[in-house]
Amino acid sequence: MARYDFASDNTAPATPEALQALISANEGFASGYGTDHVSRQAADLVRATLDADAEVRFVASGTAANAVSLAALCRPFEAVLAHEHAHICTDETGAPGFFGHGLGLIGLAGASGRIDGPALAAALDQPDMSYRQSPAALSLTNSTEYGTLYAPEALGDLIQPVKAKGYGVHLDGARLANAAAAGFDLKRIKDLGVDILVFGGTKAGMPPTEAVVIFERALARRFDARLKQAGQLPSKGRYYAAPFIGMLQDGAIFRHAAHANAMAKRLAGLMPFKVRHPVDANGVFVEMDDATLKRLHKSGWFAYRFLDGSVRFMCSWATTAETVDALGEALKSLA
Amino acid sequence: MARYDFASDNTAPATPEALQALISANEGFASGYGTDHVSRQAADLVRATLDADAEVRFVASGTAANAVSLAALCRPFEAVLAHEHAHICTDETGAPGFFGHGLGLIGLAGASGRIDGPALAAALDQPDMSYRQSPAALSLTNSTEYGTLYAPEALGDLIQPVKAKGYGVHLDGARLANAAAAGFDLKRIKDLGVDILVFGGTKAGMPPTEAVVIFERALARRFDARLKQAGQLPSKGRYYAAPFIGMLQDGAIFRHAAHANAMAKRLAGLMPFKVRHPVDANGVFVEMDDATLKRLHKSGWFAYRFLDGSVRFMCSWATTAETVDALGEALKSLA
Amino acid sequence: MARYDFASDNTAPATPEALQALISANEGFASGYGTDHVSRQAADLVRATLDADAEVRFVASGTAANAVSLAALCRPFEAVLAHEHAHICTDETGAPGFFGHGLGLIGLAGASGRIDGPALAAALDQPDMSYRQSPAALSLTNSTEYGTLYAPEALGDLIQPVKAKGYGVHLDGARLANAAAAGFDLKRIKDLGVDILVFGGTKAGMPPTEAVVIFERALARRFDARLKQAGQLPSKGRYYAAPFIGMLQDGAIFRHAAHANAMAKRLAGLMPFKVRHPVDANGVFVEMDDATLKRLHKSGWFAYRFLDGSVRFMCSWATTAETVDALGEALKSLA
Amino acid sequence: MARYDFASDNTAPATPEALQALISANEGFASGYGTDHVSRQAADLVRATLDADAEVRFVASGTAANAVSLAALCRPFEAVLAHEHAHICTDETGAPGFFGHGLGLIGLAGASGRIDGPALAAALDQPDMSYRQSPAALSLTNSTEYGTLYAPEALGDLIQPVKAKGYGVHLDGARLANAAAAGFDLKRIKDLGVDILVFGGTKAGMPPTEAVVIFERALARRFDARLKQAGQLPSKGRYYAAPFIGMLQDGAIFRHAAHANAMAKRLAGLMPFKVRHPVDANGVFVEMDDATLKRLHKSGWFAYRFLDGSVRFMCSWATTAETVDALGEALKSLA
């Protein structure tokens, strides 16, 4: 049987803290559609974590959370600027175009998943033409698809010219916990010009849940109707909110993310193949030919070939040092 | 503090069986996007429950499940026939039009939430005209929004002329468990001509989850891509599948639904106000003026005024006889 | 062969003035996508006619012009308030929902096609709820679908509470020329709070063309991209602009509309059936049973049964007094 | 004043034959929405020209015609395969995604605007994955965006593996007349597996009009409602149909296209810059640096830099040999 330990960070179970909070929330009757006390408490914790007076909603799907956010920032005849390998560009089956009614995506180059500043500047310099979709928002991802980190300053440098144009900014934080554990100060997001953040719960070790954090209050108007129409306003909101309580109230989310990051570093240290990208967070990307990958799969370890041709190994809160070492041994025997 | 016991059947917590199954599923690594063993086991149980060789997917949202299903049955310049007070018409913020790209809804009359046969026939008799959205599907709900039941024969009578036209059929089973507990034989659905069923978990006492059951196999092609784009293909599918295992494997879902139905009957028996609709399932609808409703709210019990002007009281698996009796007392004092 | 003289005001040919202007514009090379000198000249004439400093675009379709305008005023989880028999509600195959991505329509009652003030007020008073599409715009039609007129004051009374809510206003002017000929002062539109006007060319006697007039300049940003994506930015814009030049430059549009209105009055005077609505503009609506209508059709005259059950006779610039009298005779023989 | 003679083939006026037919059609009353005798006659002529028993509709916009066709062939979670520089990919502001509700586009490489067979094969070989939009149709353009021609055999070779997959085929014939004049046999289209053809009128020298030709009859069901909802079912259909009568009834369309093609050949012969693509039809693409292009613009001649970096000169029915020679002189002085 294949082992999915390193296939993704969504193959792990939920953390004890997240699950326990969900169990604790399963008590008594509660009002619906996110108006319950659990959702309120979780939203307060998210705000405290970000040190920000923002609107917070808890939804089921990261794909939908991203797509709904982008639809809130752009009109159908406009486009989102994003790294060409961003999740929204390559892994969401065109969800931004579906939720955004034909919304375009403009893929930008950049090493190791970080958008190249000049590439962004060039895209912003393009004149508006009626025959193409001009940008109206920038989407950033931290930590990135290639397991690298943006420092707040680096994000600020990308965001500044975008805001100068009057465009919106979305931050895909599916792995924001890993970024935080790697040193990214979450309390600085509020001052960077981010309009909407998707603060990921799922990949951080929760049952499926994501927090949509709306910094730009004007966007919050009728947001519940927007979510409801999009199938993302849960009637039983407490089940999406509770895991955030369990994970945020004493910082478990960051301890778990730090562990995942450390496991990635450990794996990188054992790796007999060339590591292609800096290992800032919880992913290790290596150069491996097809024959070797096939043998790896045969030996029972599952890993994906990624968009840049490297093979990706993801660590999670549940990855153990023993498993990392076992994988290291297996890889050594293939190299 | 307001008591939400009777405000809806989604104010209750999850049943012990559903929650325990979720906890049990939270073990080890699992492959993503519904390919895991928990999802497979749950799908098998759904198929066994329905005695049908159907495709089964587990999703987060009933609104989305309905809307995605209708989008699969109709094109944007077509319409869905439904009871004018069906959930898709009145409570989903236009989700069918959003997921269906402008898809129309044609509301049909009918007493106590059941579509009137002649009204349906008249709608089907309308000639196709280019300036309006002609029907391509019928959406049914069982048990209905007014707590009444369709017998299989009654559903068959509505479905037959629709299938004769070559149109599709969707069954909103948000309260299918209550229908089953009231005598509706789930194994007969497969022979009625239903193309897609949404088998509700949430209102039946699970954490948020719904099973999409595709009887018409041609509709299943690329359905995962359809769900993914719509933000309804969970990366961690086991958390949506597991509660169905807990509730289906030994019939807990039906015992709980039977209890909810019985509580509704008990409440109806105590009711000092005129009960407007037959109490087949878990809802009681009564005639109550605004002043009385306001006093009820003040006394701490929350209930909604519904679309037909009556006031709705919903019972759930978690409703106790004591609470019913306490509400009965409170109502008596207002009458 | 059936005579379509009275079936609609779009069955008539184009006026000599409109056609001649189109022929005159067919000279030499011209830049594309509405940047040509013909489009500029026509836009100037529209602005002069309305005494307004507005953005003007010429498009092919009234249905699309309305739908694109409504999409500019509302988001998908919002709705448009309109008369329940407005063209956008009943005759455009759900185009507002298609162009507006699921945008809702809220139909309002009102005698003879004019929205009832209290009905509008009641709709505006509804609290925002996440489960339904709350209004974000009002759509008005002048002259109305039933051939009646709003005075500027009447429009203002409807618009005022809508603007007070911060909502947008769209004016469907498919028959604006008929309204003007009936005394409606076009120069007052700019002060009424209308954000977007569709000034109809087609029914006024032009080859297919409509002017989209954007009073609220903020809506004009990237409007050409909006039109292009919607298939409504003509590469050869002069063919849509020129007819407006021919019809506006010396007021031909109003002379022709006055004639159409006069023909309707003449027909009403000859009518042996009960006329149901005031004949302010170019339509006559009468009470006629099915058998009589069938005999009318058999006698060669085509007319439609309309939404309120009456039978509609439309006059146009091309309707002659002789034809009106001939129809009058035919009707007399059936009465 | 800038001269737009070579900027595009949509800067020319309409041909005498097209305009005369429009004038002739402007006679008497006609039924609406494409049911008139002019539309019928024009549809018959299109069918005769293609020797095909197909459904034919006349619409205003090529962008919309393409987008509506693609929406008929694909679902939102699917994609269209097309040349990466096809008009639908680069010049229509994302209209396919707008009309197709998020429909994806997969750009394929290929020299001089013709899709590379192996690139297509590779795209067809990609396994269906739920996280991306898999292809459901191929869009071809003839003559291509780079003024080159596909022979029927070449189209057949591209289409065959697509049909083998059960996917649809769309042919963008904005310049089909130029292809025909260059030797492409229009009567062979019907046997190639094309499901929908957009037969261009606008660039062929008509006032704005395009014929949508539906070879696959199953797609024609409710197509008028599809067009109406998309703002492409003209109430006064005769004005879109008539130009086709004038141009097709005695082959004027092909004489004019042959002239345009000949003018392009003449220009290519005079060209002092390197011609980058074969001059099969009516466009000439040359290598020219920015400084030179700027001087060309200053000298009064307008031409665009195109997607591959070359500068495009388009000829039309209205291009005269004298103008070509004058442009040739002007270019010589810049070289």
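Lettered A, B, C and D in written order, each chain numbered from 1.
Going forward, a contact is a pair of C-beta atoms (placed from the backbone, for glycine too) under 8 Å apart; a residue touches a chain by one contact, two chains touch by 3 or more.
If you want to know which protein each chain is, UniProt gives these names: A, B, C, D = Low specificity L-threonine aldolase.
Because the structure is predicted, anything quoted here is derived from the model rather than measured.
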Name the chain pair with more contacting C-beta pairs, choosing from A-B and A-D. A-B
From the C-alpha centres, identify the chain that is farthest from chain A. C
If you average the Cα atoms of chain A and of chain D to get two centres, how far apart are those centres in Å? 42
When the centre of a chain is set as the mean of its C-alpha atoms, what distance in Å lies between chain A and chain C? 48
CA centroids of chain A and chain B: separation to the nearest Å works out as 32
Shared-contact residues (touching 2 or more other chains) in chain D: 76-77, 92-95, 98-99, 101-102, 130-133, 225, 228-230, 233
Residues on chain C engaged by chain B in the complex (per definition of touch): 76-77, 79, 90-104, 130-133
Interface with chain A, chain B side, in the complex: residues 2-5, 7-8, 10-14, 19, 22-23, 26-32, 60-65, 67-68, 92-95, 98-99, 202, 207-208, 225, 228-236, 239-240, 302, 318
What residues on chain D touch chain B, complex-wise? 33, 75-78, 101-102, 128-134, 222, 224-230, 233
